[in-house]
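Shown below is the structure under consideration.
Chains: A, B, C and D, in written order; residue numbering restarts at 1 for each.
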Amino acid sequence: MRTELTITVEKLDEEALSRGRAISGEAGAVVCFLGTVRGIEDARLISAIEYEAFEKMARHQFHLIFDQASKRWPLESIRLAHRVGRVPVGEASIWVEVAASHRQEAFAACEFTISEMKRLVPIWKHPIFSAA
Amino acid sequence: MRTELTITVEKLDEEALSRGRAISGEAGAVVCFLGTVRGIEDARLISAIEYEAFEKMARHQFHLIFDQASKRWPLESIRLAHRVGRVPVGEASIWVEVAASHRQEAFAACEFTISEMKRLVPIWKHPIFSAA
Amino acid sequence: MRVRVHFYSYFKELAGATEISEHVPPGSTLESLLEVLFARFPKLAAMRKSMLIAVGVEYQGAEYILQEGDEVSMFPPVQGG
Amino acid sequence: MRVRVHFYSYFKELAGATEISEHVPPGSTLESLLEVLFARFPKLAAMRKSMLIAVGVEYQGAEYILQEGDEVSMFPPVQGG
């Protein structure tokens, strides 16, 4: 299984990430998830979220999750990009793509990757509240 | 909820479809599914699949499915494009995108839309086998 | 009264036609139309357990009462995606 | 022996530091280190039920036996995505 992991302070370029896909004639299903920063956090207006990462451990934990996913399902690839630093409202903080032969596996592995990330990958959110 | 439905003999342009997204600051989650034609069908090599649609009924059934999805989950949009006619191996036959505030709803609605399509929307596959 | 019957996918080959016009008595159900068609197209009859039937753009069951001008469609399980 | 302890997210404010160096007897467990730190940083002690602890890049439990040069990290529940 191919994996690709990007942790970056740059804006996520969804088109470039999609173009980076290289799937074989055997991968019939691609599931993508894009998470963007919402304008409200805990019922207060925010202008951005500052993402803090313990990057070395985050990379290791992401790769452990990819390994787990590849043991559970036959996958062609998992590619994931997480933005860190200040991410303005409306911009993407995370992009995940899973390619597999069948859609059930691609969906299951994509959801698994995200929920395991939320449990294990050391990244934290600090909302930047809007001026009143 | 916004919906967009395309049934076309043209090649699906994933980048143009993605660019057509217009989500509010409230939609934090976008789930996309891309289905491509695999090189093997029933253990035989194929070069393409010819998709036949009863288009008027297909459009109606797709909209019934979108309505059902919007009753089950709070969604911002469902956009779907299905290619018909001859689709060569490796090219996309279907693209589905669901935007919602939360990822669980976007994933559930995207999977629901695809599985209901496979049950209800009058489209049929005719594999074109490769010359031996 | 007259109804049209359309065939899709390999049902076209089984019926040897993409569509036919059929005369049925007023008040006829889909079921009675099917009996007529199965007698005429025995290859279709063999598929009756994996057959979907629509009138216009809606799925209908055997108990549906046909109306003048109805467009009936018969087809095998769908395979979108 | 010496271990370093790193704090992340709001644990930095609770400890008033991003990292500290700590002297512990050989054979000490993470648990004994935590007792020392909780005594020194009572605000951290209040978070002990929602605290994650790693050594290097792996999560470890209280029974982990510290090694010379270990890099310990303490942080609140993670929130990636």
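Note that contacts are C-beta pairs under 8 Å (C-beta built on N, C-alpha and C of every residue); 3 or more make two chains touch, one makes a residue touch a chain.
None of these values were measured; they are calculated from a predicted model.
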Longest centre-to-centre distance from subunit A, chain (CA-based): C
Rounded Å distance, subunit B centre to subunit C centre (Cα mean): 27
Whole-Å gap between the CA centroids of subunit A and subunit C: 48
CA centroid of subunit C to CA centroid of subunit D, Å: 72
Centre-of-Cα separation between subunit B and subunit A, whole angstrom: 22
Junction residues of subunit D, two or more chains touched: 81
Overlap residues in subunit B, where contacts from two or more other chains coincide: 35, 103, 114
Chain pairs in mutual contact under the definition given at the outset: A-B, A-D, B-C
Subunit A residues touching subunit B - in the complex, by the definition given at the top: 14-15, 18-19, 23, 25-40, 89-90, 101, 103, 106-107, 110-111, 114
List of subunit D residues in touch with subunit A within their complex: 6, 8-9, 52, 54, 56-59, 73, 75-76, 78-81
Residue ranges of subunit B touching subunit C (in the complex, touch as defined): 35, 51-52, 54, 56-61, 82, 93-94, 114, 117-126
